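Chain lettering (A, B, C and D) follows the sequence in which the chains are written, and residue indices restart at 1 in each chain.
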Amino acid sequence: MARLASPDTETAAKTPATRRRGELSNLQFALVVTVPVLVFLVLVIAYPLGYALNLSFHDIRFFGGYSATWVGLENYADVLSDERFWNGFLLTVRFTVETVLLTLGIGMALALVVRDLPPRWRWLRALIILPWAVSPYGAGIFFAYLGRGQTGVGTALANALGFDTSINFITQDLVVEFLALGAAWNMAPLVAFFLLANMLTTPPRLYDLAKLDRMSRFETFLYVTLPPLRFTLFVFTCIITVLSIKTFDYIFTATQGGPGSASSVLTYVLYRTSFQNLDLGYGAAMSFYLLALILISTGIIFFTWGRREARR
Amino acid sequence: MTRSRITIWLVLAIAVALIWTFLPMYWTVKFAFMTKPEISRFPPLLFPPDPNLASFFNIFGSDYTLADGTVVPASGQARQIILGLRNSLIVSVVVTAVTIFVVTPLSYVFARMEFPAKGKLLAAVLLSVSLPPVSTLIPFYVLYVQLDLVGTLFGLIIITLTITIPIVAWVMIGFFRNMPPIEQLGRIDGFSRLYIFTRIMVPMARSGIMVASVIAFLFAWNEYVYAQVLVTGSTAVTLPAAMSGFLFQAPEPGHLAASIFLSVLPPFVIAFFLQKHIAEMNFV
Amino acid sequence: MTKTRGGFSRGFTRRSFMATGSAALLGSTALGSGLFSGGLAYAQDFDLMATSGEPVYFRGWQFRTDVVQSNVDAYNERMNGNVDYATVTGDYPSLMETTLIANGDLDVLYANPSSAVRYMGGGWVMPAAELPNGQEIADSMYDNIREAWSVNGQLLGLSYFVSVRGTLLANLQRLDEAGFGDNPLPTTWDQLYETIYALHEAGVETPFLPHWFAEWFGISWGFLFEVMNRGGQVADAETHQPMMTVDGPAGATLEAWKRLWNSGLVPEEVLSYNEAAYIDAFRSGRYVFSPQQIYDIKTFNDPAQSADVAGHISLLPGTEQSWGLIDSAMYLMTSRDRPDALTDDVMRFTSWYGYKDENGDFAVANRWLEENMLFSAYRPVMESDAAREAIQSSVARPEDYDTVLEVYARTPYPKGVWNVVWSEEFNVWLREKLFSFLQDDLPVAEVIEEANAEITRLNERYGI
Amino acid sequence: MAKIELNNVVKTFGTQHAVKNLDMTIEDGELLVLLGPSGCGKSTTMNMIAGLTDVTSGHILFDGHDVTTLPPHARNIAMVFQSSLLYPHLSARRNIYMSLKRSGLSRSDIEARIAKAAETVNVAHLLDKMPNQLSGGERQRVATAKAIVREPDCFLLDEPLSALDAALRLTLRAELVNLQKRIETTMVFVTHDQVEAMTMGDRIGVMRDGGLEQIGTPTEIYNRPETLFVAGFVGTPPMNFLKGAVIDEAGKRLFVRGALRLPLTGESAGTPPADQVILAVRPHRMTLTEPGEQALPLKVYAIEHLGNETIVVCDSDDHDRIRIVVGSEFAASVGSTLYAGLDTSHALMFDPATERPIRAGKREVA
């Protein structure tokens, strides 16, 4: 047998070069699918940003006659000397750091638990994902009822065990930690699943190696399980940081920023300023500090950690 | 997998994981099966003493007679709950469909093609992830008033897309990046870019698209901040906005719990059946 | 008939705001429509039949929406109306304000007087005085309430309900258990606090649930009424100048609060309660005393709703001092741009719903009284036999009927801080400051000084 | 069947030059192997031949026709990708079918061709399996069937065997060569494995940093490497390099390095004197010897027994790794010193500055 070709098929297989005209180039194809979406997105980014930017240079008043007075950078300067802003800022940072650590830690723990499930028990994995499907405001309601001394599980258990006391987590000292725990409850399953997907790609031989090296469980985790997960952890650190700083509905339904202003994170301060006080110019200026906080935090994470991971 | 044996530690760990997962939900959802006095009892009850389904009937507008003959009246919020359920389904399904339809080609292009200004455009897409809804609410509201979109499903769908598109794009770009260079195979076989994309890449990306759909659906279904301002008190009210009526002002923890229970069912079902795809798609 | 609705300035206001951000996007809303109000062909009898066929948007917060809906249905059916009713949930006053600023689809809404004054200041409200039967409506109200609801002599809205927030409720059963059953109930705040500490000595862990919850009508209102109950004023009713002093009622209130907080008798979580949690907490029977809505006496004494305390909830007598403040709500009409015919329909519906129906009955007000013990501003409603029956069926002891009326009659209204455009802003400020006062243990004098300064600042800002 | 010419082909990605001024001719029916380390531009070159990557400048000709701007399918080529890529969601049969879907052939013709191609590479029994049900070797065969079913003018294979184990690679290598000879089609084969290149190629093109270092038959490449890089890259074990100098001593040229003084013989005898040269010699051309002026002292680093022979891996005095092939019975302890002599008639001399061979009389040119 020499060749498969037969004369009649040869011409057909040799398609003439005419198709080239009908085929889109990379750029054209990219333009066709991206431009409409990008225009949409740019509008929905640019419009509110531009609007808010304009507001932020004005003092907006609705009462005693509407007025918008140009005040330049005054709003921005005022924010920096606003005690409520700094209080909210510190609470946001505290909430975010705690949420990130708890979410990653708990996500990791969940992943380790479901990884080791024997095949017949694998269906349990499906249950662990469920809290992720709960909305932030739903999670807020759950944790409000769970944490309050009046309705909470602490009080119920304490009394069931015979202690006549009320255990309350919604206190000035604990509320942020408690909220972070709730946020972690909400988001950790997703982290767990992506970590699990990565863990399953680690060659089992490495674990045998670790055993031969007589590594302790902890060392095995540290030197075998953890390294391939680092990029995933980095990505989720970024995601959870952004989501935590942005979070509003969760805190709105859980504590309304309370008790007092103990959980009035920046988004809540912003909500009060813009919605309750209708101080729109000032609120807009504050929202740019909030945006800056988000960008700077993710920037810091990227430059101190992400670039190292990306190079790897 | 290092050890697949069931040890006492593993059982313990599973127990803790399950308690962690279900306790917070259970604690509120149990209210749905309790009467008002039972809910407000102090110290709080660990279990519904005499479970009943009154709240579920009430939120759909029916009175319910308890075993002892007490009639629990229907909720006045029932109309909004029913409306909210319908609207939430419409919004979520439409948003999911549009998001997937738009984002799949978008992220494919960003993940696998080179073109000018790609980096900057990508940055713009991702920047919109970090815009907090609280700060864009007022501008959007004003715009919507001018466009007469307040209180419309269409308006809510548009604004929800601004949340889902960047996030889903983010996930899908990662997913497409990790796929083998299959389009080269397709080009050798003489297929157009459109054919390669629609008939080869999309079928191959099925599990990624599934996960992206779940994410889009969840974000749309769970959206509350914009809905609160844009559609509360209108015929376009969504379930979260309708539910919040049980949370503020007049106390109806039972109804709240019943409607939360209702509201987590669809995402639960979806997440439950699609979780295996999540484990498959490894996008980062 | 000419009316001064100020339609022009209102339209202008909104457009200016929107133009601030987006001149290019601005569509041209009909400027002229608001210029002259719908000239209702005002005849002797106010014809309540709707004519325009266009929807009238009626929005309220979530309270017995079943009752509201059935009332609205009745109007729509009998008066050929096209009223679209829905509840607005969440942060009600802020959401309403946003809608009003934006000239959204909203014609009739619930509003507390302080919000109403603010909306009026924004130029978004068509006062009730502009109803063809406005004078008649005003005349049938109790004077003190009409005054509370008026700005510059103009009645803002119609009566939804009048209640006493901060009526001091007592759980008689818990008092008995603690061995205090035979003691007379406290009649002043100072006596109340003494009893609370005595109860605590006697082993009651949580004798008092103070009005310190997180809603906009929570802790700040708690402060307002305690100051007034002690005979003080937060700000002058006419000039709105601050009137708090360290050695006066304001100081006494804060001193009492500080002692209560530092004694640890009040769980910190109260500070994060919404009203649902606040009512549930008292309903659980955990607490002995608590300032609550007067109409919730009915809720708490209803076995179907509050099995643990039903039949045991009484109230402190109003013999020595007042308790609480007038918490009321109105039906307000907005001044949004809309066709004149529709404006006429809005007026017809508001009058029917907020005053008398086509048969001349206070149908809606009477129903509220019967179903939920919601009091009305209309004298004929409150002085009817039906009202007596409604109240008597809701109280724990027969003698409480008189106490209810006694407390109701004495209740003050904080006009100085409520009938002013900055009321909500001051409220938000006060709320945060009071939380901080408790949690950060701020000195009493400092808080009072700052509160006075804040009022002065707001007065200056708004040129009052 | 096609003769493929690359004329001054350049490919840049941004500022990075992936392929630099490449001139190359692939003869009709020839199996050309493109060999080089990863990142040398060999895959880019193949992609340009296939039409998958646009050429920045220069021309590609198939049988004298300029195809530079033609899309891949218009060039009538077939390609097998790294790890024998297949559409993962399609069966083997559908995968092969996809090659002809756009050909315009009738359904029955396509069926016949698929059957024939499957038979040719012996995968007829696998046609209804999905790619993830196939073993590595089976995938490779299916990918080959998918390629030959088009009856292309040219096969392009991009490291198709790289993910397979050694034994399977050996088998499939022979199969591919056999197939190529049977169907007499031009084939370009990209690999970084020099053994694969030597065993398969009619000719080998060695690439480095986007440029062609040398193109020639395996024998030429092996015996007459034209650059230091090629010399070091091709051959197992690789060539040994010794730095030193060439001096003229009484009309005879000597390679001098420390105490070592080696008279140059054979071709290298013509090497002009130079201060710095690199002497390259195959391990097979070195022998163990007694200490002396012509012996290179080495320290044993490792000993690799191959059965028929033994490779002694040593460190030279200036820490160059030197390998010597000796008889299979050789034994020595690691760290011990031994002495090696070498046959300079088989040694090549390179100029370290240009990395090119120093030929007699050409020294001054460089």
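Rule of thumb we're sticking to: a contact is a pair of C-beta atoms (placed from the backbone, for glycine too) under 8 Å apart; a residue touches a chain by one contact, two chains touch by 3 or more.
Please read all numbers here as calculations on a predicted model, not as lab measurements.
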Could you name the chain whose CA centroid falls nearest to the centroid of all protein CA atoms?
A
Based on CA centres, what chain would you say lies at the far end from chain C?
D
In whole angstrom, how far does the Cα centroid of chain A sit from the Cα centroid of chain C?
39
Please tell me the distance, in whole Å, between the geometric centres of chain B and chain C computed from their C-alpha atoms.
36
For chain A versus chain D, what separation do you get between their C-alpha means, in angstrom?
50
So how far apart, in whole Å, are chain A and chain B when each is placed at the average of its C-alpha atoms?
15
Interface hub residues of chain B, defined as touching at least two other chains:
42, 138-139, 142-143, 190, 228, 244, 247, 253
Going by the touch rule set out above, which residues of chain C reach two or more other chains?
17, 21-22, 91, 98, 215, 274, 277, 280-281, 284, 286
Sites on chain A at which at least two other chains make contact:
15, 19, 23, 47, 51, 55, 150-151, 166, 275
Residue ranges of chain B in contact with chain D within the complex:
180-182, 184-191, 200, 203-204, 206
In the complex with chain C, residue positions of chain B that touch it
35-42, 70-80, 138-139, 141-147, 150-151, 228-229, 232-235, 237, 241-253
Complex interface listing, chain A residues touching chain B:
15, 19, 22-24, 26-27, 29-31, 33-34, 36-38, 40-42, 44-45, 47-49, 51-52, 55, 106, 109-110, 112-119, 121, 124-139, 141-143, 145-146, 150-153, 155-160, 166, 182, 185, 189-190, 193-194, 196-198, 200-201, 204, 207, 220, 231-232, 235-236, 242, 245-246, 248-249, 253, 267, 270-271, 274-275, 280, 283-284, 287-288, 290-291, 294-295, 298
State the interface residues of chain A toward chain C in the complex, per the touch definition above.
47, 50-51, 54-55, 58, 60, 62-66, 68, 84, 144, 147-151, 164, 166, 168, 170-172, 175, 255-264, 272, 275-278
Taking the touch rule as given, give the residues of chain D at its contact with chain B in the complex, in rising order.
47, 50-52, 71-74, 77-79, 81, 83, 85-89, 98-99, 101-103
